[in-house]
């Protein structure tokens, strides 16, 4: 039987990595959270020149510790799953892989540190590791509300972009190079900086007409912000009402499927809702 | 009969340009979307000095390709319609015309590139070309909500402008020329930059009193933004409710009227809802 | 009888100034709107050095025209009312007076141009002059919604100010004079610039700790803006519902009370709702 | 009996400090409000170099006046309460203590002025002193709405922070040191400055790719602001409905419990709702 075959060390490994019911499983989770945060801080510190000069060896050692742990974790994850390919090509699987390899690659290619930027994505895993069920509920509520307002927001962003292209072209024709409007793409950059009310000030209109049109763009941007806010608010208020009913019905637990590592199973579930295997 | 007369090459041309049911019609639409985007990118690249110096001939050639296609398209549109004047003086008709002529005019007048800014408006056509019915539904919902809150937003902008004039005049009296407040119009420009929370920093108050009043303007601007957001949110929530009912009733197709090119006809429509001609 | 005494030239004058039913009344209103806008533009142009140097005499002449008209209007308003003191000490009465006198005072005192800033307030009159009943309805709706959320917004602003004082003091202790944090009031100014997301950049933190705390202030400010928006939106949605019922009942006309110049009387009103005199 | 023992001078002291029913109680409250504001203004003025140089002695004298009054008030508060430890370790107790000691400590340690920043927190007390019951009602409504949306806002801030780390790392890899992107932490600082639409401009992207990604961050930040606004608005509208019912039932008075100084007792309450002692 399937169940039996899996009940060896693979099963125990799966329990440690994917669940938090045993002491070892809990310890693994806390160690992983700690190492993910450490790995992100390491990347940050390496980029600060003074720190890197003074503590280069320490940072490299810690980077090796993180890399070895991540490598072991990645292999363990693959080994303990029945269908590892699903994990390998999943969103988290790719992030886990890319977070692990930069140090190995640095001996082969220069510039492989670019991959370190991906490591920040592992912070998303902390959500799942800590089994922050309550927060996940809130997150999925936000997500579904944003999904519902997707089409409206796409229209909105499209209109904002066209507006930026038009206004950027006009400003390029009005303003001179000295003011920073050296090309249409740069003028469009300035228009978006202004329309979103960011306003760096590295480029700023200097002619009277330019300042007048800038004023119109600002007031537009100031008013336009009402549109996504209105869209999202209405969706939130709609979803808030629906979710109230749903949330009282579904009770999920912290188990993960041993085949595909799907989460959020019902308390009384026997089969994975995603791949159908026994839990 | 009307129908018969039109059933020659004009009818086929109309089908290609205005509808997307035939393979040729689809190809035409895709080519048009591609060329509109290309034409906008061309205008942008020409404005970047380094690109223009190195690839001037290539850009000019592509500009000619776009211009010739746009010219042919414009003529075809006029020819294939029964009442072409409606199109010529419509919003899209004027934009199509102005997007086509700059290259021709550049041999007559200097500075006719100003008209290129209009080309960005053609991007709006992509909406219609792609027959993004779903998005158009969302867009019209946004539009009707914004229309309903027009009067309130007009009052709001009027009050903001008066506030800017008053505050700008006060700041001009307080701050010196060195801080950038060289005239009342410039002070009003600064006030709007501050009130909309853009904040370039090219002009910034330097006296204590000026900074104090600037603080008041910022807090005002920070609070005032709540007003349009509130207005639009309330309208959205009202329109969202109404539209739910309406949307389930009307089913439109992608046909366009051969006489006036109106769109969004009901599936079982036989006459154009706008001009009454047979579809 | 009161009515009779008033039915001479005073009554006709009142009709011209305060109502828009007669041709002369309409002409007076349009002239006033034109002159108010002219007077504000004059103040602006005088502040632009180049314009003032080249057209000083023209501007002064126009300023005299405006001043004489405003003087005549002010006297006519007082004469045509039965209880002129109410008008003289009303909000509009004071603004009308202060808008009229700067040119006279300029021969007595230097620096009386300060009063010109008040002239911008006359722009508010345009609302009333144009009898923009529809807009006034919207404005009063906005006003009553803002009034209802007054207490909440006061709490909010008070909390924001305390937060600014605390954060400003902390930033003063962390950042040095070179970064622009020369005193606590200036640090508070910077905090408000940051909290409201204006961000001039004339003062910016330069130490690591200062930038970290600045980050917290920004995220706070970014989140805090949700509070007034939420308050106002809820009030708007509440008032929108109430006003729907009310608006269908009350019908007002454009008459103004000859005694106290109150406006917005019901169509069938015989007595002023404010002072009780016959209309 | 408890009641009797307390009915001596301690009881009168309690009445003066914690209640506003007697003339002396009112006078004490007004004096305290005045001195708290004075104490905050003193801290500010001491930080302005010119003011401190010219009026050092006056400021020091006033600082001593404030310190002595605060000391006396602190001792009186402790003495007049039956259970003083509750007060000493409460939020307000700690703030009162820390606001009092800086001048004493300045003779022992340098740099104890850091504690003066805490004094601004005493401004919160003005709310309670002035027994602004109406405002407190609004404040608690805001507070409970914010509390209810706490989990959603935590998710939101967490996502914003991860986004900032990812985008900051990417920008560090793209932009050079000259543009100000000297390390990843500084790039993250810039990302948050941009994402919150503050936009100082002390650090600004200069490469084309950097400006393109900056544009994406801005549009993201511009849209993201809709999320907390939506969350808070929905909570406000929910709490506004609930509070309407509640507010009509509970009537509180301005009395404070002599044991634990809890406030907001019902009009007909005989025992403190917090500690159970007789009022």
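Letters A, B, C and D name the chains as they come in the text, with residue numbers starting at 1 for each one.
Methods note: contacts are C-beta pairs under 8 Å (C-beta built on N, C-alpha and C of every residue); 3 or more make two chains touch, one makes a residue touch a chain.
Bear in mind that the values here come from a model prediction, so they are computed numbers and not experimental data.
Colleague: If you tally the C-beta contacts, which comes out ahead, A-C or A-D?
Modeller: A-D
Colleague: Shared numbers divided by all numbers used: is that above or below half for subunit A and subunit B, i.e. same or different?
Modeller: Comparing the two copies, subunit A and subunit B contact each other through largely different residue numbers, since under half are shared.
Colleague: If you average the CA coordinates per chain, which chain's centre is most distant from that of subunit C?
Modeller: A
Colleague: Where the centres are mean C-alpha positions, what is the separation of subunit A from subunit D, in Å?
Modeller: Inter-chain centre distance comes to 33 Å.
Colleague: So the centre of each chain is just the mean of its C-alpha atoms; given that, what is the distance between subunit A and subunit C in Å?
Modeller: Centre-to-centre distance between subunit A and subunit C: 47 Å.
Colleague: Which positions in subunit D touch two or more other chains at once?
Modeller: Residues 185, 188, 197-201, 225, 229, 231, 233, 237 of subunit D each touch two or more of the other chains.
Colleague: Inside the complex, what are the residues of subunit C that reach subunit B?
Modeller: My answer: residues 40, 43-44, 47-49, 113-114, 116-117, 120-121, 123-124, 127, 134-135, 138-139, 141-142, 145-146, 153, 157, 160, 185-186, 188-189, 192-193, 195-202, 225, 228-229, 231-233, 235-237, 240.
Colleague: Can you tell me which positions in subunit A touch subunit C when the two form their complex?
Modeller: That would be residues 197-201, 229, 233 of subunit A.
Colleague: Looking at the complex, which residues from subunit C come into contact with subunit D?
Modeller: For this pair, the touching residues of subunit C are 151-152, 154-156, 158-159, 162, 165-166, 169-170, 172-173, 182-185, 187-188, 194, 197-201, 204, 208, 211-212, 214-215, 218-219, 221-223, 225-227, 229-231, 233-234, 237-238.
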